[in-house]
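By letter and in written order, the chains are A, B, C and D; residue numbering begins at 1 in each of them.
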Amino acid sequence: MKIDDIKELIELIEGKDIVEIEYSSGDEKIRITRSATGAVRHEQKARSAEPADAKQEAVAAEIAAESGMVSVNSPFVGTFYCAPSPSEKPFVDIGTRVKKGQTIGIVEAMKLMNTIEADADGTIKQVLKKDGDPVEFGEPLFIIDPAG
Amino acid sequence: MFSKVLVANRGEIAIRIIRALRELGIRSVAVYSTADEAAMHTRLADEKVCIGPAQSKSSYLNAPALISAAQIKGADAIHPGYGFLSEDPGFAEVCEQAGLKFIGPKPQDIELMGNKLKAREYVDGLGIQVLPGTFQEIEDEQHAIRTAKDIGLPLIVKAAEGGGGRGMKIIYDEDQIPNIIKIARSEAKSAFGNASLYIEKYFEFVRHIEIQIIGDGNGGVVALGERECSIQRRHQKFIEEAPSVAVDDKLRNRMNDTAVRIARHIGYRGPGTIEFLLDEKGKFYFMEMNTRLQVEHPVTELVTGLDIVAEQIRIAGGEKMTMSQRDIRVKGHAIECRINAEDPQTLVPSAGKITTYLQPGGPWVRVDGHAYPGYDVPPYYDSLVAKLIVWADDRDRSIRRMQRALDEFVIEGIKTNIPLHKKILASKDFLLGNITTRFIDKFI
Amino acid sequence: MFSKVLVANRGEIAIRIIRALRELGIRSVAVYSTADEAAMHTRLADEKVCIGPAQSKSSYLNAPALISAAQIKGADAIHPGYGFLSEDPGFAEVCEQAGLKFIGPKPQDIELMGNKLKAREYVDGLGIQVLPGTFQEIEDEQHAIRTAKDIGLPLIVKAAEGGGGRGMKIIYDEDQIPNIIKIARSEAKSAFGNASLYIEKYFEFVRHIEIQIIGDGNGGVVALGERECSIQRRHQKFIEEAPSVAVDDKLRNRMNDTAVRIARHIGYRGPGTIEFLLDEKGKFYFMEMNTRLQVEHPVTELVTGLDIVAEQIRIAGGEKMTMSQRDIRVKGHAIECRINAEDPQTLVPSAGKITTYLQPGGPWVRVDGHAYPGYDVPPYYDSLVAKLIVWADDRDRSIRRMQRALDEFVIEGIKTNIPLHKKILASKDFLLGNITTRFIDKFI
Amino acid sequence: MKIDDIKELIELIEGKDIVEIEYSSGDEKIRITRSATGAVRHEQKARSAEPADAKQEAVAAEIAAESGMVSVNSPFVGTFYCAPSPSEKPFVDIGTRVKKGQTIGIVEAMKLMNTIEADADGTIKQVLKKDGDPVEFGEPLFIIDPAG
């Protein structure tokens, strides 16, 4: 960022009721604060109390989101299964091409099998859980590359 | 005894239970919705699981999600707290079917007392004085009008599956009956899934006095004395104290005995509360029974020195009850103020970020809360952010200690009802103990 | 009774006193040095006065400034807290001369017990067992060597005007005597303005047990039972509890009686503490008396239900003592952990800004502290930032409650001794109650 | 960033109601804060727990300090007297020329008279306390204009 950019930023907020601009570059962060009277505050903030064991997946999911990929999250708390039964092959593997709506996994809760469907056409980029893993509500299970 | 318990609740009561579990050497699992990711109960538990989105219906009221969460975490019991699924006999049953101990009464007892109309009938059958009113569901307007003629106005219309102050309407005038019955029926249907109504005589200037009991599930029951819960707004308790200025030893013994008789007859398990209305002449009427831990249990804990939550968990875990009626001594006086995130004038809930949070401390001041500096109070749930409870050796000192603690309590960023508590505590009628269920009206 | 009291102290004890005053309906005046402008005690008092610069000598130990502050604020009494001027008979006297009630013992009693050597003589004169040792000031090395021959090594050299664990040296070897006497003398001179020394037998594996008493100033004295204060580091108390596992009812009665005899003989006024060493055979020796409120008074408050500070103020204000020995009941068990701003390994004080401060709460957890989020711990004063005190119905539950509370206590930005407390509480010897004054050595 | 850039930044905010610019280079970070009121915010690490009745004097003292004036503060907590005795004239009035070391007031504490001396040669600009006022340690009593 050059002095001229800063100048431009200052001119930008002059006469507006913006009182603070914060800018970062690594991992992009911006923070604009309006005066208390007007008070709308933009804050891009990550989940502050991330469950430790879900962090890696969350990070993966964020990267996915940033790079235009699609993350398929668990709609329920339960046990993840990658195949219809232990003796059968997984629904999908990394590299499998999938259609939107296609069953790609199962989350079992109280003997109820919740099928997990692909959210988009594309290629399975990552499978974030192993067969039998416990999963929480909202945890990412798969990353699909719609462009793949 | 259990090795791991899932706490199917949020907020201060989840924390209260997690604290008891930790003190008992039992691992705890917190559950949370996506709106509660930064909630304090998730930090204090040993483990935690996200069970659904912000809406209670899909998270804290989502029985399959709770049981599934307990299963993936390997918990052997579920504590429901209060509210949410705590008085749902179906949930209690599903827990037991899933091999998870439900830390609460037996499902059939929850069911019996959950239908307030059936409970009236049951208690009346024991020869105990219940509030004058109907023993059958109100069939139609005519039924209600006949009742009005029988027992006189004003009346209060309640939902059979309601309770805890919810779903009530007062009738002052016979002309209002048709309209109120219609509205009450449709509200009961949508709020409790059951349109059944019943009618009781409405006493305006009475006290709400309740007796805390604990049962061992086999007919052993001890009574821990009364709580004075007359200070209510919109039928919701606001300030509770123990003991009550209106209850002397003789009356206390009679109320204790009555409560014990009901609980013993049921074979009730764990802590429960029998609610009575007490009139000016010292006559008391059974109103309803709450088959769960109550918000205001700490006042009883502080005057008896007994840990009600630990005892509840021990009883559910199969241990013998450690209390006996002979050992129960009520000492001193305790008050609880419910600190809600709400506008003190309009009582509208006030969600948002808490910028400053200074908790009172010092001698005999207890805070059961879940707020902290920087905590963002979500708009989805109950507005209770902390219970402030004090003990002192008599009521006057207890009131002054509460005033001191309220003065110390600083919560900025959201509105709270602290100013209203201060006003009530400073009022002459409160000091004199001249309180009824209509007390708060003049302050709002 | 007083209408306004100046609190001549800072930190948690100033707050404890301000709370008691507020509960008694008495206005409070906080004093502060320029380093304490944002200190919590200045916020909780009704009024405040800046009395001097950061250095204690020019502020909290500055008697003329304190008295002048009381005068310009129109206070009618001064509470000295503990430390600072609380055991300075001259200050007590100057207060009274200035027409300000000194909330503490009579000046001559402070003086009598303040000189630890004279106190030994006085108590010995009552026929009470004191620690073996000298009754006169140590004149020279030869005197010390003779004492060593008489009572045997090891010995402990103490400053006559010391006390509270300050200014002590242990002699294990006769050869060390000349050197240690020389050093101790010069240290005593510079620390207490008096080079007088005395010598006692040094017992290595004994317990420090003290009895809390309260006197009415006219010979009426009640004893509130013992505190176990053996867990010390560098002769400073670290963890205190009541009751002690080593004291049974019979021993408690004997120790209570002994303490009462001393205090009654003096005609002692207000709360005071008689410190004893207790050996393995149950024999106890008078060590010293502290003529002030003690840091660890809350553990006694929690097991007796008595408000020691309020009682102290009432007695000083001329009211009758409300306690009688017959009414004193010790119930349950209490523990106090002193939370210091210090490196848990090196014990070096850790000043600086507290970035996160989450105080534990819930049932029977008391925090007497002065820290808050954003508070800048100044480097000039005592490192104590909070006393964490818990109560439970027995010692095991009390320990588990303390562990739970320590787990909840989050202080970031400075170092604290919380990790050391956790280690001690989790140790087998502590659980078993196998503790002596040397206990902590193995943890550091 | 070079000296010239800094100079430019300073010129940039001169005359504007920008009170803060923060700039980092590693991973780029910038932060610009405008004063909420429009007035220039001066963070003078003022006493945060100012006694209400001392605020006015403190402000006066700060203004004094800013404009090169000298504030004479109380060395003690006590009662301020402007004259040697009630029947006598004040030591000084506004406009009185004083020499450094000259007695200009008294703070009494426990019957002890602490004389207050001028810290500098100059003219008494303000007398901040009235005869008999209680004063705290460090409270400003007089403002002296050394140039006057």
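Quick notes on this structure:
Assume a contact is a pair of C-beta atoms (placed from the backbone, for glycine too) under 8 Å apart; a residue touches a chain by one contact, two chains touch by 3 or more.
Since this is a predicted model, take the numbers as computed values, not measurements.
Under the touch definition stated at the top, chain C and chain D share no contacting partner at all.
With every chain reduced to the mean of its CA atoms, the largest distance from chain C is reached by A. Rounded to whole angstrom, the centroid-to-centroid distance between chain B and chain C, based on C-alpha atoms, equals 42 Å. Between the Cα centres of chain A and chain D there is a gap of 55 Å. With centres taken as mean Cα positions, chain B sits 39 Å from chain A. With touch defined as above, chain B holds no residue shared between interfaces to two or more other chains. The touching residues of chain B, when paired with chain A in their complex, are 34, 37-39, 42-43, 48-53, 59, 64-65, 67-69, 71-73, 98.
The touching residues of chain B, when paired with chain C in their complex, are 15-16, 19-20, 22-25, 44, 298, 301, 305-307, 309, 331-332, 357-359, 361-369, 372-373, 392-393, 397, 400-401, 403-404, 407-408.
Partner chain C is touched in their complex by these residues of chain D: 47-49, 51, 76-79, 108-110, 112, 134-139.
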